[in-house]
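One structure follows; several queries about it will come next.
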Amino acid sequence: MNLTNGQPPANEPVSRRQFLRNGARLMTMTGLGVAAGALVSRSNGAAYVWQIDPAKCLHCGNCATQCVLEQSAVKCVHAYAVCGYCQLCTGFFAPEPNELTTAAENQLCPTAAIKRTYVEDPYYQYSIDENLCIGCAKCVQGCNRFGNGSLFLQIRHDRCLNCNECAISRTCPGQAFRRVPVDHPYLLKTTSR
Amino acid sequence: MKPEFELYDRREFFGVVTKTAAVIGLVAGAKASAEEQGQGTANPFAYDISRFQKTDPKLVAYEEVNRWPIPHKEARRLAIGPNDQIYLCAGNFINCLSQTGQPGVELALAGPACCVAVARDGTIYAGLRDHIEVFDSKGAKTALWESPDPKSWLTGLAAGEKDVFAADAHKLVVLRYDRHGKILGRIGHKNAERNVPGFIVPSPFLDVIIHRDGLLRVNNPGRHRVEAYTFDGDLEGAWGKPTAAIEGFCGCCNPIAITTLADGRIVTCEKGIPRVKIYSASGEFESVVAGAESFPENAHACSDLNDCIHGGIDAAVDSEGHIYILDIVTGDVRVMKRKA
Amino acid sequence: MSKTPLRSALLLTAWIAAFFCLLVGGVMVYEHLTASSNDPWKSPQLLALKEKLAASPKSEPLQNEIRELDLKYRRQFRHRLALDRTGAWLLLGGAFVLVLAARKAAALNNAPPRPQRRLDDGEHSRKLASRARWSLAGVTVVVAGSLLLIRLANTSAIPGNSAVAHKAPVEDVPTLAEFQTNWPRFRGWDGSGVVAWDFKSTPAVLWHSAIPLPGHSSPIVWGDRAFVSGGTSAQRKAFCYNITNGALLWQRAIENVPGSPAKVPDVPEDTSYAAATMATDGRRVYVFFANADLAALNFDGSVAWTKYLGPLKNPYGYAASLAIWGNTLLIQLDQGENRAENSKLVSLQGASGRVLWERIRPVPASWATPIVGEAAGKMQIITLANPWAIGYTFPNGKELWRAKLLENEVVPSPILGGGFVLVVSPSSKLIALRADGAGKVAQAAAAWSTEENVPDISSPVSKSNLVFTVTSGGMATCFGINDGKKIWETNLDTEVQASPGIIGDNLIVLGQTGTLVTLQAGRDCHETSRIQIPDKFVASPAFADGHIFLRGMTNLYCLGPVANALKKP
Amino acid sequence: MFRRLKIIGALGLMLFLALIVCAEQRFPPPDFENGYQLPTTSTPAARHLWLQYGDTAVFLAALGLAVWLIYKKRSRRWLFCLSLFSLAYFGFYRRGCICPIGSPQNVVYALFNPNYAVPVTVLVFCFAPIIVALFAGRAFCAGVCPQGALQDLVLIKPIKVPLWLEHALSIIPYLFLGAGLIYAATGTGFMICRYDPFVPFFRLSGSTFILTAGALFLLIGMFIGRPYCRFLCPYGGILRVASLASKWRVRVTPDVCTQCQLCEQSCPFGAMREPTPPGTNPKWLTAERRRLGWLLVLLPVLVLVGVWAGSKLNSAASKVDPAVALYERYARQQIKPVQYSAMSPEALSLQRAAENPDATLKAARDLQHRFILACELLGGWIGLVIGLKLIALSLRQNRTDFEPDRGACVACARCFTSCPNERVRLGLMPATGEPASL
């Protein structure tokens, strides 16, 4: 744009303020243009979402309490290929369980969100019911301490509101939260490393 | 209409201002003081095993007399040679070290070394992931025993007079070789009529040793016990119970490594709550070599790293009864001596 | 207008709505205050019971009690969640009704204003302005006061935070001598491929160590470490080896480079994703891949910084190596099929990765590595591409001269020798150029040029007053540097891709099939030794620490005189 | 030349893929005999990119519509409907994220942190309203901003804030803006989003503190029009400045002003400005000139003082940053240990710090160094804002009519129908006779 538009009809001269305004507008527009250009050149059009890096996660329990959602968008997920299918799963059973049953006193998960199903002797499959899981990472602690670490926390994007600033990340003691491209929104554990 | 500014007058306004300032000051001060004595929030979701991580000092029968670092990263196991050299497998290498950790021969392998055993005549058997390589005492490669199964994952070796035993953590079997690499038998695989329950090995920690009583001892992590087999694969007995208490084996899958003292007592290593303990040959808990306190990094690594496959410890015993403990996380070897 | 039935109806609605909101809100708050302490994981009652159970594990009643309580509390928890969700919506609805009703009611009620004309001569506006100024001053005081309080309430425990504030940490740059004793970039510190120390006996392989990923980049060496890069479309890594025993010390994958697209450009295997040789300033190592990912790694393998310089358009894949001088990194990003596709020469600060400057170049893709060195009394950056050979000043990158010399796909890198810049126009000309020109330099400025046995891939190498070239066909030729007269030529009967190098008096030529030929780098042609290594070689050799380092397709090789394997130069 | 190379390359590649595979393999799960298949971990996708572009389109459309409604249709009713739509869409459907109010932080963060590439959508959300404001004033506040719409909705019985107080408080948004931007630039966090009082309502959940704050704002908002927009909203601050240079301006009536002051009554946001008496009274002229002179001198002084004061603030300001806070706690722990309960976030973070104190210290110190400059800038900025506001208050305005202040007016279009001439123009009222009582 140039100074000519924004002028009042030609019969009266441009007032000083009018002139200043045009100048200011011109400058601001150029400024914005430059900034936008600089940034667009870097951004690849993709958007970002938040995700937890399981390697950095310290399982502190903040994910259950700090999310802006009443029931956290962070859930425990299970990398089955890493799991040992233990009969005595330290992610499922409380320390020193009375017996290896699904009775409340033996379960580790406070909301009983882990389902234990028999596969074949001596193997059991463990899977997460995300409607019950509150992302407290208690099972993750158990699994990581003794087992293969096949249980770990991830932000579930069907629930996450993708706040501009993730409320959990602020308080994450492991600084495990980071922005990832929206087309690869998960940091999963796999068999290959 | 009446001009607005009688709604507030200036004095009133400044009154308000000072009040706000005071409030802000108070808040800031309160916050600061709170910071000072900062009581942390308790974590209601803590997985609490702290009571098992303390060892009763009365039970600890050994003391650390020496500690030295190992030459390579990613150590796996160690073994003791005929004249008390220590053989370490770490990364793609097998190192022969003196009892004080002075480096000797180094064998470079094609892949990661998973386990090692040394025969009385000094022959070195190196277990790579799926096959075994044989070296003479000088470190010259003499043979390569083909992989018994592409999916094999060898994690334990024992060399006897005539036989070599290799523990395959994925195929859940202990292979019996003769000294020339011919497979003589498969021990410990699930088998109802020989009432062998079979191994449960969720992570690559299956170990085998030859006991002075002429039987094999194999750890069965998933069943939390140590099993005794004849060379022909008959299950002669088993002991051990799952508990985080000191007399048992903790977690989902322990012990991860075993070795034996000259008098036949058995040394066991555990991960998760890293500790090394001694049991009698018949499985009565006897004493502690090193408790969880001795492996802070290791304990932490297990709760912190992706998984305990990178944690864990191994132990070996020399002719003088010293116990050498390899800490895989800190990458050093501790020499433990029985307390006087 | 006081009490119309409509208005009273509205008011009634408003009151009801308000009451409803209070009710719902109250219930929700109450639920929170009571229930949340009974969450299954918090409830003191439940925890106490579990403690008891730990004491007496077998007691049936205790177990049943726990199970019931646990179920109850979990029910309560779910119930609360549901209630909150519905409650929120109810509250919202109530509030909406309340607001609408109240608005209408208020609207009905508002009396039409009867403003009187203010007749003052600006007195009013003046008063207003002055009050505004004073109250502004008041606000300022408040702000200042609260800031002061915050300042007083917070004391930092972090040592030395104020004084050294603005001083940027000064980077220690290794001395030139350090650069010369090591092999910090493609063909050594100055890109000449020449080292002074002598290498008497026949070389032999001391160790070899597997390189997990393929690539055509040459090894670089600093101190006791050798570095190579490797890559596929799936992953790209840098590898660090201990040069005394060949142990792979670390490998670092370069991934999630900001801005770098997940889909990497297709690159033919014969160029590979890791064709550009790494560079190091002894503080960090720098690696660049065909997908335009640039990374700086610390010597412990940790990532210092990463940068995406793409997108890169290159018909055969990017292959020019990184050039480095001091802690300034130079990358010749020539690309595209024709002249105007933003080819550029980029200079970056090694410590930070900050781009110092960029120079647009009117050339298509090229594969020649730039060199930095003193020519015609000036520090120059010399770059080759079709058709321009261009000299820039170092460090600030002002263009000094350009000469229209080159054709075809420019792969061989330039070298300095005998006061000339020696330039190869692939399989057409070997040209000796005086680098003292300015602006556009006529072709005539070339002191001499020859068309005999001109290489198309490997770069020339020069010693005292001789220049040596080796063609892909294996024809090694020696020219006099002052006149370009051919002195001798010999057929090494092996295909050669790697650029030759000179150790002391030995011309080292590495054949594709693993033939390592050593010739006397002198006026008469004489082959001193020839050994065979069972591998394929495209990368050029590196000379450091009295050893020769070769990057094969499968392995990294360290060669040394067997006799004195660990002799330092 | 490249033909020959091809073969070799292919060979090398094949040779190696095999090795890579087994090098990357990891201890596998057990072999099941009953043919049990490993389930795969589900990965629900994030919101589609095209949906976000859709939002952007809706946003731009709403902006355009708002401008049209203000300048062409001149209809309060339709503008109100538009704002309700925006409240529903950007508020309760999109849950208040993405909104332009926080977006300047993303832009600044991207400018200072090369590792963060700001999404194009965010750029549009940040810049479009500013550009509109440069031509047509705060159309965004009027019709598109859900926060604004919410406050406008709850406004029941407007009380006038005295104009002088209005002026004084109108600098607060700029202080908030400054603070928000330095925290964004240093990568500490997005304060403006953190302390947005209305987004929790859109999400129907949030921390107690912020919910109460929001509720308070709404309660106040019943009697004081748009309290957040006028006295806090940083983005409103930006638009306020932008619309000072706006090409067109909101006019109460296209016809002549009869100076009836009705529009002044009708504006709940204290944006209406009364005409100044023609000519200048000589007895004040010199005084005003002198004051202006002094204030012009004062401006740089204020800025410098601000910079100086700011340089003292970095250690306090930087404590908000997690990295700094961590080292602070760690250091305090060295002096006077506090027993944190096991596995508590504090204990865990301290453990992390203890593993590598040097790195922790370095991170913290680097941040504090960043904050030195940042705080100096903030201080200078505060000084500048105050100085400029003082000057603005001392410039003599010459207005012949009642007209909305370019900056303060949120273009809500309330004043239009309050003007008798406009009512006549719209045919709501006979051209002749007294203004009928409503």
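Going by the order they are written in, the chains are A, B, C and D; count residues from 1 in each one.
Basically, a residue touches a chain if its C-beta (ideal position, glycine included) is under 8 Å from a C-beta of that chain, and two chains touch if they have at least 3 such contacts.
This is a predicted model, so every value here is computed, not measured.
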Of B-C and A-C, the pair joined by more C-beta contact pairs is B-C
Farthest chain (mean CA position) relative to subunit D: B
Averaging only over C-alpha atoms, locate the centres of subunit B and subunit C and give their separation in whole Å. 37
Cα centre of subunit A to Cα centre of subunit C, whole Å, reads 25
Express in whole angstrom the distance between the two chain centres, defined as the mean CA positions of subunit C and subunit D. 33
Considering subunit A alone, which of its residues make contact with at least two other chains? 42-44, 58-61, 70, 82-85, 96, 110, 136, 138, 141, 148, 183, 193
Going by residue number, subunit B touches two or more other chains at 5, 13, 43-48, 202-203, 309
Junction residues of subunit C - those touching two or more other chains: 39, 41, 84-85, 113, 115, 124, 128, 131, 134-135, 138-139, 150, 153-154, 210, 258-259
Based on which chains touch which, is the overall arrangement a line, ring, star, complete graph, or other? complete
What part of subunit B is in contact with subunit D in the complex they form? 4-5, 7-8, 13, 36-43, 45-48, 50, 111, 129, 151, 153, 169-170, 172, 202-204, 300, 309
Footprint of subunit B on subunit C - complex, ascending: 39, 41-42, 113, 115-116, 124, 127-128, 131, 134-135, 138-139, 141-142, 145-146, 149-150, 153-154, 207, 209-210, 245-248
Footprint of subunit B on subunit D - complex, ascending: 22-23, 26-28, 30-31, 160, 162-165, 329, 332, 338, 340-347, 351
Mind pulling up the subunit A residues that touch subunit C in the complex? 42-44, 70-71, 94, 96, 98, 103-105, 110-112, 136, 138, 180-181, 183-184
Contact residues on subunit D for subunit C in the complex? 1-2, 4-13, 15-17, 19-20, 23, 114-117, 153-157, 162-165, 167-169, 171-172, 175, 201, 204-205, 222, 259-262, 264-265, 274, 276-277, 281, 284, 309, 312-316, 318-319, 324, 327-328, 331-332, 335, 361, 364-365, 368-369, 372-373, 382, 386, 389-390, 393-394, 397, 437-438
